Every structure is written in structure tokens, then in C-alpha cells.
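Sending over a structure as C-alpha cells; questions will come in a sec.
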């Protein structure tokens, strides 16, 4: 006699097993579509500002006009989508506050990108090179550069990126060492980066330090926020978007947050689905046993 | 739009799509793009090193400002390159001893102060807060402080492998493992965020280059790469092994 | 000869290591001047050391071309692109603004490097689907924390579920901070132990180079 229900539970498990070995190129295609659609049709959801980003904004707001602000763009093109929007937002804020901006980089392949962003944002804000901002360029050695700047900035960078003697630049007339810097932010994609600036810079030379980093590095820097070793952190594209919101200059980071939402949801769904299929194949073992 | 920007957009799009072709499988387009990337980044690094180090930190200070003692680091730098001559490769040890000796010496007190003492100090905060208004026994901040203390101590117990993890030590280490799992989960979440951000940034630019003012570069080149991959697949030797 | 090849480098490491460890505690102007000078020297030496890595890479590809090994054509591409970049860079005087060197940087290097790393986005999704399974209680804790953080760090998640952003912030500020602090302290202690071993000559792997 045939049973009323002929559905074999093993069919579901075979399906689960097949789904677990799905060709990864299908997942790639799914990711591509889910990333593309929100970029073409954005939702424009509001962005909540987290406390660690707010701290950096508030500190920048508290700086008096003419304060020296050092921005070290310690990243290369591989981290551009996350850190470039941060640098744009911070520079706009600094120039709006009429701070004296000192730009530099510790990463060799980021040199031209760092120069371009500082020069472009300065031009947009009508700032003059040498008087309102200086771009020092790149120097090798990471920690040694920071120590060297802490001891004697003119020896660390005898000329700026454009070949002008640093001792002759009007903006650097009263800036001889890192002790003359009021606030420094390192936007870093790894090492040398925020931690290097703290250990070899702030710890001895006493300037206030903030950080910006890729989302990969962010979890490791929370202990430094907790102790006040850095006074705030912009973490990843979300941190950049939050800062853009605070500064009132929505840019690439804000535009990317809807796609970020969509991709995160897709990953969560993939994880849940994979675990469901895994659970079913586990059931198969139990049925067979 | 200037010609160099238009040509640049087409080249950037083409090279990007060559790299993305790896998602199908390893292929000549990807290998071509990969080797160009290494070549250009090496060349770029050499040019920047030449101008930012050799010219600005050696030539200008020595020849124009008379800082002749910079001959010492120049000599040490040249000794590093002695590694390529087997007969005198041992000379490079002097330079490495210089760099490593100074680096180690500089690091020790700074790391102790910044990453050990200050981190320990940050862990030892008051759990119970006494003020003019009275004593606050149970606050959310106090609970968090206690959790951080428990977490730090238990994680340090977990990583201390010089004693056997049995009894009380084992139980404390197990607590540490759960703190580590939460941290790794958070790290995974942030890693996903980071990787997706890179993808979003790249796609944003490719969308821009798909517009009419760039001559629909992305769409045209995407079609060309797909046709190229199909042609390559059909012409391949079936016995050739492929890395998937 | 053994003194010059083996003992001298170890002696240099010891003297300089002890000197600069103590320098931190000596605020005398002479001590500060020594630190200032040596940090500039290290930058110059680091510039030469960068050439070392490049030369090794070029040597590998040169060997490949000379022996006509599989894929040697790509090594030719590598050499040609490196030479082209060098020529353009030197011709532009190392300047990026409005130059051919800047153009090469923006439309070749930036495009290639950012695309190469963006591919990781696809692989992390594939890895999450294939490997991220709650096989044990620990893995489940990891998974739950990851989901909360991924959900709470995007606007859509915060819009759909009230408070998930604050939960995500708490996960980062408390359990994550605790674990990471333990890791930082552990790694720092290990690093200091290694530095002391290097200074006292117990660890010599950094010397390399030469037969002795």
C-alpha cells in the first residue's frame, strides 16, 4: 500500500546539501546586483551619529581659529572608498574653522592621492598654500618620521612636497615640533597609523589625537578610545558618513550607506540560510543513524 | 571633458573589469592587469623614494646645506644593498643591526607606557561611584566597568599558556573565550562592512563611467571583456588546469 | 673575521638598543639631539631598504624571463610597466598635479589597487555562506555578535529595529574593548620580550645575510 504522504525527507536534505555547495559565482552575481541597485536607486535613510564620531566633531568645533591641525593621510588607494570621504569632510571642517592645516602621509602609494585631496579641498575653500595650509608629502620610516617631527619638524621635512623650504613657509613660522600642533588626526589603513601616532607621538609630545580608520582596524582601536588615548574615532564608511552628516556636506560616504545596508542584509540572510541548510544536513545524519 | 580624462576613464574602467574577470576564473585578462599593477606600483614607489628621500633628504641637505654627516646614513643605506653581493652580504648586517637596535630600544619604554600601563590603568576604574548626592551602587556605567575588568582578566588568563588550564584557571579561561568570540564576531561584522565599502566605492566609479559623457565606457568594455572571456574559453586547451 | 661578521652586529644592536631604551628617561638636550639626528638617519636608511624589496621582486621576474618559464610574458608586462612609470615619473619631476605621472597614478594605479581589494567583498560573502556555521556554542556566540553588529551599523537596520544601533555600540565599547585590551596587553608583552631578546643577542634572525 502506498503511504498517503510520499514525500521523502531525504529529498529536502539532498536539496540542502546541493544548496550548501552552490557555485560561488552565483553568490558573486547576487552581491553585484544588491550593491548596484541601491547606488542607482538610493533610499536616503537618516544616519545616526555615534558617540566616538561626535567627540571628534565637538573637539574640532572647540579649536580656536588659527590652531594648527595635522592631518596624516596614512592610506593608499586600496582603502580610498572608506578614508577619502573622511579626509574630504575633515578638511572642509578644518578650513571652515580657519584652522592651519598641515597635511602629510606615511604611506608611499598614497602620496599623490593625499596631495590631491588637500589641494582640491583647499582650493574649494579659497585657501592659500604656504599661508593657510602646507602639504609636507611622504617620508619613509613610520615611527621614525613621527619622532623626527616631534623633535624638529624642519629636519624631518626640510622641504614641503612642492620643494619649498619648510623654514620659509609663513604657516610654519611658529610650528617647529609636534608640541606646536593642537590637534592631529591620523586616517589609517593599518600600520603605520593611529596606534603609531599615539605610541611615538602623542605619548611624548602631548598633542591631542583623534583617529579615522578602515572598518577592519576599528574594533582594535576601541581600547584606546576607552582610555582617552585617542579622543574619538571615525570607523569605516559609516564613520565617514556620520561625519559628513555633522559637517553638513553629504558626499560619497553618505551615498554609499544604502548599498551598505543592502549588502549587510544580504550577508545576514546568507548566513541564516546557510545555517538552516546546515541544520537540515545535520538532521540527515540523525535520520540515517 | 578633456581628452586625457576621457582616455583615463576608459583605461581605468578596462583595467577594473580585467581585475573583476577573476571572479569568473583566473584568466589572461586578470593576469595582465595584475602584472601591470605590480609594475606600476613598484615604479611609482621608486619615483617617490627618489624625490622624497634621495633628493629632499640627502642631496639638498648635503650639497646645498652642507650637512655632510648624512654620509653616515647614506653609507649604512648602501650597505643594506650589499645583501645582493654574496661575497660581502655580511656587511648588510651592520645596517640591520643599526635599524633593529634603535627600533627595539625606542619601542620598549613607549610600548610599556602606552599599551600596557595606560591600558591597565584604563581597566581599573571605580565600579561604585560616590558623590555629594550619595553613593551609586548599581549603575549601567559601573556594570560596564566591571564587565571590562572581568573580560580583560579572563582573556589574559586564556592566553597564559605557561600554566595548565585546569580547575579555576580553566573556568576563567572559558569566560575569556566567550569575550573573544564576541570580539571576533564584531570584527567579522566590521570586516564585512569594510570589504563591502570597497566594493561600493568601486561600483560608484564604474557607474559614473557608464554615463554618456564618458561614452558608456563601462557598458562597452564589460561587453568586450565578456566576449573576450567566451573566446578564451572556447580556444583553451581542455587539458590545461585552471585555478578556480 | 668572525668578529666583524657575527659579533660586531650583535654588539651594535646591544649598544644602540640599551642607549635608546634609556634615552627615553633622559630629558637632557644632548639626549634629545641624539634622538632627533638618529630618527632622520633611520628615514634615509628606510628609503634604501625599500629598494631591497623591489630588487628582490625584479630578480624573480628577470629569472622567469631568462628561463622562459610558464607565464614569462607577464613578467615582460611587469618590467615594461615599471619602466614606463619610472620614465614618466622622472620626466614629470615626481610631481602629480596636472602631470602625466599624476594621470598614470589616478587612472592606472588607483583603479587597479582599489579594484583588486574590492574583490574581497565578493569573497567575504561567499565565505560567509559556505563557512560561517554555528557548529558549537562559541561559534553561535560569534555569529550572534556578528549579526547584531552588521545589523546595527547600517541605517536600514537602525530604522527597522529601534535600539539595535545602541546594542551594536555597546558590543563594541564593552565586550569587544575588554577582549581587544587583553589582546593588546598580551601582544605588547610578547613584543617587549622579543625586543629584549634582540637587544641581548638571544634572537638573531633579523641579521640574515651571509654564510656565518
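Should a chain be cited, it is by its letter among A, B and C, assigned in written order, with residues numbered from 1 in that chain.
In the analysis below, a contact is a pair of C-beta atoms (placed from the backbone, for glycine too) under 8 Å apart; a residue touches a chain by one contact, two chains touch by 3 or more.
Small disclaimer: the values here were computed from a predicted structure and weren't measured.
Enquirer: Taking chains as nodes and touches as edges, what kind of graph is this: line, ring, star, complete or other?
Expert: If you draw each chain as a dot and join those that touch, every dot ends up joined to every other.
Enquirer: Select, from all pairs of chains, the pair with the highest number of C-beta pairs in contact.
Expert: Going pair by pair, the biggest contact count turns up for B-C.
Enquirer: If you average the C-alpha positions per chain, which one ends up nearest the average over all of them?
Expert: Chain nearest the overall C-alpha centroid, as shown: B.
Enquirer: How far is the middle of chain B from the middle of chain C, if each middle is the mean of its Cα atoms, in Å?
Expert: Each chain reduced to its C-alpha mean, chain B and chain C end up 5 Å apart.
Enquirer: Find the geometric centre of each of chain A and chain C from their Cα atoms only, then give the gap between the two centres in Å, rounded to an integer.
Expert: Chain centroid spacing, chain A to chain C, equals 16 Å.
Enquirer: Please report how many Å separate the Cα centroid of chain A from that of chain B, as a whole number.
Expert: Chain centroid spacing, chain A to chain B, equals 12 Å.
Enquirer: Which chain B residues reach two or more other chains?
Expert: Correct list: 23, 41, 44-45, 48-49, 52-53, 57, 103, 106-107, 110-111, 115, 119, 122, 148, 183, 186-187, 190-193, 196, 198-199, 201-202.
Enquirer: Name the residues of chain C that each touch 2 or more other chains.
Expert: Those would be 40, 42-43, 46-47, 50, 101, 105-106, 109-110, 113-114, 116-118, 121-122, 124, 128, 132, 143, 146-147, 150, 153, 172-173, 176-177, 180-181, 183-184.
Enquirer: So which bits of chain A are touching at least two other chains?
Expert: 28, 31-32, 35, 78-81, 108-109, 111, 139-140, 147, 218-219, 223, 226, 238, 260, 263-264, 267
Enquirer: Which residues of chain C touch chain B in the complex?
Expert: Residues 4-5, 8-10, 12-25, 37-38, 40-52, 54-55, 57-58, 71, 74-75, 77-86, 89-90, 93-94, 101, 103-124, 128, 132, 138-139, 141-150, 153, 170-186, 188-189, 191-192, 195-196, 198-199, 206-212.
Enquirer: What residues of chain A sit close enough to touch chain B in their complex?
Expert: 25, 28, 31-32, 35-36, 39-40, 78-82, 108-109, 111, 137-140, 143, 147, 157-159, 163, 195, 198-200, 203-204, 214-216, 218-219, 223, 226-229, 235-238, 252, 255-256, 259-260, 263-264, 267
Enquirer: For the complex, which residues does chain B have touching chain C?
Expert: 4, 7-9, 11-13, 15-16, 19-20, 22-23, 31-55, 57-58, 69-70, 72-74, 76-78, 80-84, 89-90, 92-112, 115-116, 119-120, 122-123, 144, 147-156, 158-159, 176-193, 195-196, 198-199, 201-202
Enquirer: Would you mind writing out the residues of chain C in touch with chain A in their complex?
Expert: 32, 35-36, 39-40, 42-43, 46-47, 50, 95-97, 101-102, 105-106, 109-110, 113-114, 116-118, 121-122, 124-126, 128-130, 132-134, 143, 146-147, 150-151, 153-159, 165, 169, 172-173, 176-177, 180-181, 183-184
Enquirer: Quick one: in the complex, what on chain B touches chain A?
Expert: 23-24, 41, 44-45, 48-49, 52-53, 56-57, 60-61, 65, 103, 106-107, 110-111, 113-115, 118-119, 121-122, 148, 183, 186-187, 190-194, 196-204, 207
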